[in-house]
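Going in written order, the chains are labelled A, B, C and D, and every chain counts its residues from 1.
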Amino acid sequence: MLCSCMNCLQHFGNDSFQLESGGYSMHNDLLPSLGATINHTIKLRKHIVSPYDPRYRLWEKFLIVLVLYSAWICPFEFAFRRYLPSTIFLVDNIINSFFAIDIVLTFFVAFVDHKSYLLVDEPKRIAGHSKSLGFKLLSVLRLWRLHHVNSLFARLEKDIRFNYFWTRCTKLFSVTLFAVHCSGCFNYMIADRYPDPERTWIGAVIPNFMEHNLWVRYVTAIYWSITTLTTTGYGDLHAENTREMVFGICYMLFNLGLTSYLIGNMTNLVVHGTSHTKNFRDTIQAASEFASRNKLPKHMEEQMLSHICLRFKTEGLKQQETLDGLPKAIRSSIAEYLFFPIVQKVYLFQGFSFNLIFQLVTEMQAEYYPPKEDVILQNEAPAYLYIIVSGAVVSNFSLLPNLQVHGRLTAGEIFGEIGVLCNMSQPFTIRTTELTQILRLNRTTLFNIIRQSRQDATIVMSNLFQVFN
Amino acid sequence: MLCSCMNCLQHFGNDSFQLESGGYSMHNDLLPSLGATINHTIKLRKHIVSPYDPRYRLWEKFLIVLVLYSAWICPFEFAFRRYLPSTIFLVDNIINSFFAIDIVLTFFVAFVDHKSYLLVDEPKRIAGHSKSLGFKLLSVLRLWRLHHVNSLFARLEKDIRFNYFWTRCTKLFSVTLFAVHCSGCFNYMIADRYPDPERTWIGAVIPNFMEHNLWVRYVTAIYWSITTLTTTGYGDLHAENTREMVFGICYMLFNLGLTSYLIGNMTNLVVHGTSHTKNFRDTIQAASEFASRNKLPKHMEEQMLSHICLRFKTEGLKQQETLDGLPKAIRSSIAEYLFFPIVQKVYLFQGFSFNLIFQLVTEMQAEYYPPKEDVILQNEAPAYLYIIVSGAVVSNFSLLPNLQVHGRLTAGEIFGEIGVLCNMSQPFTIRTTELTQILRLNRTTLFNIIRQSRQDATIVMSNLFQVFN
Amino acid sequence: MLCSCMNCLQHFGNDSFQLESGGYSMHNDLLPSLGATINHTIKLRKHIVSPYDPRYRLWEKFLIVLVLYSAWICPFEFAFRRYLPSTIFLVDNIINSFFAIDIVLTFFVAFVDHKSYLLVDEPKRIAGHSKSLGFKLLSVLRLWRLHHVNSLFARLEKDIRFNYFWTRCTKLFSVTLFAVHCSGCFNYMIADRYPDPERTWIGAVIPNFMEHNLWVRYVTAIYWSITTLTTTGYGDLHAENTREMVFGICYMLFNLGLTSYLIGNMTNLVVHGTSHTKNFRDTIQAASEFASRNKLPKHMEEQMLSHICLRFKTEGLKQQETLDGLPKAIRSSIAEYLFFPIVQKVYLFQGFSFNLIFQLVTEMQAEYYPPKEDVILQNEAPAYLYIIVSGAVVSNFSLLPNLQVHGRLTAGEIFGEIGVLCNMSQPFTIRTTELTQILRLNRTTLFNIIRQSRQDATIVMSNLFQVFN
Amino acid sequence: MLCSCMNCLQHFGNDSFQLESGGYSMHNDLLPSLGATINHTIKLRKHIVSPYDPRYRLWEKFLIVLVLYSAWICPFEFAFRRYLPSTIFLVDNIINSFFAIDIVLTFFVAFVDHKSYLLVDEPKRIAGHSKSLGFKLLSVLRLWRLHHVNSLFARLEKDIRFNYFWTRCTKLFSVTLFAVHCSGCFNYMIADRYPDPERTWIGAVIPNFMEHNLWVRYVTAIYWSITTLTTTGYGDLHAENTREMVFGICYMLFNLGLTSYLIGNMTNLVVHGTSHTKNFRDTIQAASEFASRNKLPKHMEEQMLSHICLRFKTEGLKQQETLDGLPKAIRSSIAEYLFFPIVQKVYLFQGFSFNLIFQLVTEMQAEYYPPKEDVILQNEAPAYLYIIVSGAVVSNFSLLPNLQVHGRLTAGEIFGEIGVLCNMSQPFTIRTTELTQILRLNRTTLFNIIRQSRQDATIVMSNLFQVFN
């Protein structure tokens, strides 16, 4: 796991290089960065290839195709060797030579040091990087080559560009197919080598089976194999002698493990896949039960439900959790990037220093409100200041019983500031008219930041009064 | 997932549209309730139908019935075409014409814009809303129509009016039945087309199978199919030639996936369904172990257990969690709706302004206590003020050792206020006599709210003393 | 679920009654309690029976036995009716009469009102309590009686005296057995009624099956049934005609659901059962990896691991979580019961009023420490005061470099008080010598409580100095 | 579970015993390390053996081998008794004598008292420690000996040196093999004892089966057994008479339970094994969706992703959680051990007392930052002080627009102190250049600790100014 995380780090390190090579001036110059030493534009020594070179990646993919072919042909040759044309062995040798080339290539591919995360291109150290070399030598053994496929799948599972469910299913399907193929071939071989062809699993049904063509025999073998693996066990083909029984015992024991593993994985995927819907149902159900039990008026129930719907919709994006997991500096720079332009233009903060607005921005929290939801209730205690990022709200205030003022606020406007700054209960009800994104700033935080200099407090209050006069 | 959440939002978005188009003026006018305005009232252009029109919904349901029929008849015709009466093809053409009508209808059904959540009824934009149209054209292909059924189930799973367990089971059952039906028909077709009828899976058992009636042949096909799917595999019917073996291999591989998926789903449903009982057991067990290990007196153990029982009973309703997930304004308006009438009548708050009581109400927390549980213990530090919403409590105070005063408090009465306001340890033990709902207000919060004006503090204290004198 | 929680409440309500009838004087008199109206000692009207009467409970258990017999005999009679002796029908009638008695009895059994939790013994209301009556009338139908068994299992699953794993397994096993029995009998009946006995599943193997004795035929039917249910499907017995195929199709579809359900339940039980061990492993592994990665000295690693072991051991008891879930008053009374006697005798609190010690006790937290673990490190900031409940600790202080004083403290003694009261870093290292239970009191909490009266602060300080002089 | 935790505690308790009996005098003397004192050094009474004695452990392992042999031979003898050579019964008697020796040995092995966690070596108390003795006596029964194996697996599952997945799989595999072996032998025995050998499951296929050699018969029996257990059920071997059917029914019912249990366990292991990868995927996906939705610049996305990668990499080590679960004293001593040497050398704290640095160290939190991540942003509010433990950072400050000062800080240096101490927004941006470990100290905590004495505050400020002048 750790190892593949490192892979992932390298991957991003790689991106970072490309960005910097595009060049933004200051920050980067002073940062002799990790990324700067990775990838193809990096000058590696002559004759040394980067493992991130697209041509090398292509070579790796080509090898995987060869591995798949090897994995399929190997048990097949084992069982049907005497019936196969000689061309097939020629192909084998060609493939073997490709793997030999790969072993030689190992001495010319730079590798990433596990401690420093730097590419190493000294031929001596590459040669000494024995682990990778040792593994490759094992590729001389045909089936060992399968570990290439295994590591491919391990990488794909971590890769978010591929759907987890389907990657995992493909892997399990491949493993199953391979098991079926191997055991089918092996079982045929037992029958083929048995002294009395009549007393074999295939000979009992097709007496002269050796005279049939390869396709019929192979399909029959696979049919027996899959019938046993899925525990269907029609019984039309079954062990006839002790050898076949012993093989059958082993295969069935293996199948018990494999099918349990398949079911376990499928359960895992199903549980993972349906958890979102189940949570959604549970929450909606709890809310509507609450509403009906307490006989809440329809408009309140509607506000509750639409808020929950919106929360689940945006929970798929997991905005808040993602941000909370990051260190303060990254959060601040994201907040600055996203919200500084809007907060800067708010009338209340005109005349503030860059520093102060920066600090305000980093403390703000973004929230979505569905249409027609109350953000502030009249007479509420003032706890937050709100700035509209997108969407719109309407306010409705009645300072005097028969004087009604309506207002419509849109992106870039602030509300709730009167209550917060004058420390009085909110004079308006504020309600969204469409899907609205709002920045929320805690009152205490605001005061803590402004309190730092007496001057800023004055600016805020004068801004406030200027608008009202 | 997101997509179906959007669906849900559209539902509410739709309402909001209707409300706004009605134009609003005042707090209450502006909120005609959900039920009253849904669907029929919106004036769409002439000849344009709302997707929420009950007649259109009925049409959709009718189409689903046709889809189910198509799904069943399609593989059946495929296998038994030459034995079927011609009427059945007439029916097919009638059904096809219904789907053609649905495609034409698409140009006259308003749709909900994904960004604004508003119903669009301009013919041009509807015609340009190509995604939905494109999908419908594919309905010309018979099996593609099944996606109607799929989206129906996706909607039902989100709909809390239907039990999740049974919706999910029905879906899985339908998928299984469909797989069984298709493969049965296909396997029959292989036998039917095979040159030597004796060497087929059905011909080996029923030599003159083509002369039997359709019902016998269909049941035999389905019997083979289900025997294979469930991996029972009696073996009375089994593949006799290579074609059938190849089909059998594919079908068994598919079955392996399907049964894993069924088991995975069932496990998921079982885990979800039993989690409540398991939590309940674990908690009760922990509590009674704690009691017996510490040799607590029986009445304490009883209080603990009955409190836990009650908590689990009300946790099904998940009151507190539901409220906590909502934004402050909604919570406040719910609290106001539910508790304002009771808090307003409490003697301690007589003379308070509306504002102040409103703020107190929004800070209160509702809790249930089972019968005979202590709410306050004599000599406890005063932390909360309690108001009874329903049920009753008895108090027992002994200011002097041999002077016992008992009291009974019911809905609308307050207790614990002497300790809180006079800052002394509680002089009473308060115990519930029946299932009691109580509002709890934190002492610090109370003081923070009252402190805002000196006048209110005076009112509270004078209210307090008036009662005691 | 809710309903069974209520059951549980009644159950405890019941206990509480018995305690009170044993009589503790004051508190109880003034509490006309819920419990006081439940159970046999309660005077119900004449001829009205309490549902908690042990004789009625015995009657219910007797009925369950009859239900089990009915469930078994009913499908058996259905299949083998013509071969059974007439005595068996006599037994049936006797059993039916018992259920008739139960229906009559319904009018004389008090029931618990769902709203007030009180036993209702008015004949009119009992007769009107139609739900329970309506259900019982259905018992005339034999198989409906199984719902008695179902509700028995639902109750057992909630009952912590029975192991959840085994209760659940027994239930699933019973359901499986019943399904096997029913389908076996039904399948036999199909063969028995078929016009051509040679062309049935049993007749094909045992040509003259009707002449064999009942036992052979019943075992053969059950054997076929279980072979199909477990999907073993030897194929020695299999459907021979269309009727049997149709029944087989239905049974196999049902089995698919049942086996999925069995596996789902087993998975659920396994996951639940192994979670404790897995957590334990993960935590221990994380701790020892941490220690070895940071090259911590052996004695630190040992302290970490033994603390984690102890925590997991006591987590089984879930002490802290249990307490946290309870309301303040219950927690206070438990704390008073458990710790007041010990805290009262601590020298530091001599001369304190009952009130004050009571408040201190309710704020204390109990913790277990394994042997040889440091509780306080020399020079640490003083954050807590500790009182030993059981076990022993040794202290080691070196006020001057070459003056070493050792001490041993046992149950009832206090430590850490010098640091806390004199606001200096802890002068001792304190280490446990055996498994020790310690009460911990936060410094801030202590000061908040003592600060209430100047007098108490003086007492504490004088107690402290008295010891040191 | 609790019981095995106790085992684990006893392990440590045991150590603690040894330590105390050695008697201790001073801080370091008193803690000879875990490894050095284990087992052999304790002086137990003469003729009494410690249960931790490696020779006794070897004896226990030897017994387990005997148990496994017994478990295999016992059903085998049962079925094939009449065909076995007499030597095998001689071996049985030898093995029985070993178990007899073990029972005698029980009186000479010390045991760990469950309450005091001390080894008890008094012969009287050992003899009275009946539970262990009683269990051992049951070993006279052959199959009872299997509980030795069961307790071995229970211990292995808790032992983190063994992989949980493989331990659990081995256990389940052994149980399965044993079930297959037993039922195979038992089924053979039924056939062997049946009056008419032709009408048995084996006789129907191998008419003269009693004349074949043991191997053929044993393999056939096992083949039938595994065919049934895995529900493959070819049907070539199947029950021929009622006895065999009854046994088959029981075995298949048992298999249903066993396979469910196997699948349940496998699912549990798969879910446990893949949770890390799934969490990683979900988090990375959420972060990159967030970045692309908000169109964050590439370098921000890169910082987010590489931080998350690093967090998951180190989460495998679960550093923070491990520490949080420990009591304060252990955490403090670990912090002191790990960080005191570095904090002591920081220029800012030169002249501080040991006490004060100790308190600072215990409040610090260690964190890892990936390369090229911002730790502090220019103009940020000062919240933390940072000390570099390993790795390096670069700072970039521009007090005047065209004056740029760069600096590089490495292990042991402090940054962020100017902002914190002068209460101004951070004048630098600080960015890591490689994988960096940093100690973080909260500003408020720092001030609380320094505030204790006026002198220390002066030292800090003078240290700060000395550097800048």
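Throughout what follows, a residue touches a chain if its C-beta (ideal position, glycine included) is under 8 Å from a C-beta of that chain, and two chains touch if they have at least 3 such contacts.
The structure presented is a predicted model; accordingly, all values stated were derived computationally and were not measured.
**Q** So chain A and chain B are the same sequence; what rotation in degrees superposes their CA atoms, nearest 5?
**A** Rounded to the nearest 5 degrees, it is 90.
**Q** Taking CA centroids for every chain, report which one is farthest away from chain D.
**A** Comparing chain centres, B lies farthest from chain D.
**Q** How would you label the chain A and chain D contact, same or different, if same means the shared numbers make up over half of all numbers there?
**A** Different; most numbers are used by only one of chain A and chain D.
**Q** Could you grab the centroid distance between chain A and chain D? Build each centroid from C-alpha atoms only and quote it in angstrom.
**A** Each chain reduced to its C-alpha mean, chain A and chain D end up 28 Å apart.
**Q** In whole angstrom, what separates the CA-based centres of chain A and chain C?
**A** That gives a centre separation of 39 Å.
**Q** Of all residues in chain B, which are in touch with two or more distinct other chains?
**A** Answer for chain B, listing residues that touch two or more other chains: 231-235, 259, 263, 265, 267-268, 271.
**Q** Given the complex with chain C, which residues does chain D contribute to the contact?
**A** Touching chain C from chain D are residues 1-2, 5-6, 8-9, 12-13, 15-16, 19-20, 26-27, 31, 33-35, 116-117, 157-158, 160, 164, 228, 231-235, 238-239, 242, 245-246, 248-249, 252-253, 255-257, 259-261, 263-265, 267-268, 271-272, 317-319, 321-323, 325-330, 332-334, 336-338, 354-355, 358-359, 362, 449.
**Q** Would you tell me which residues of chain B are touching chain C in their complex?
**A** Answer in residue numbers: 169, 173, 176-177, 215-216, 219-220, 222-223, 226-227, 229-236, 259, 262-263, 265-271, 274, 276-278, 280-290, 293-294, 296-300, 302-313, 316, 367, 369-377, 379-381, 383-384, 394, 396, 404, 406, 425, 429, 431, 433-435.
**Q** Residues of chain D touching chain B in their complex?
**A** On the chain D side, the touching residues are 231-235, 263, 267.
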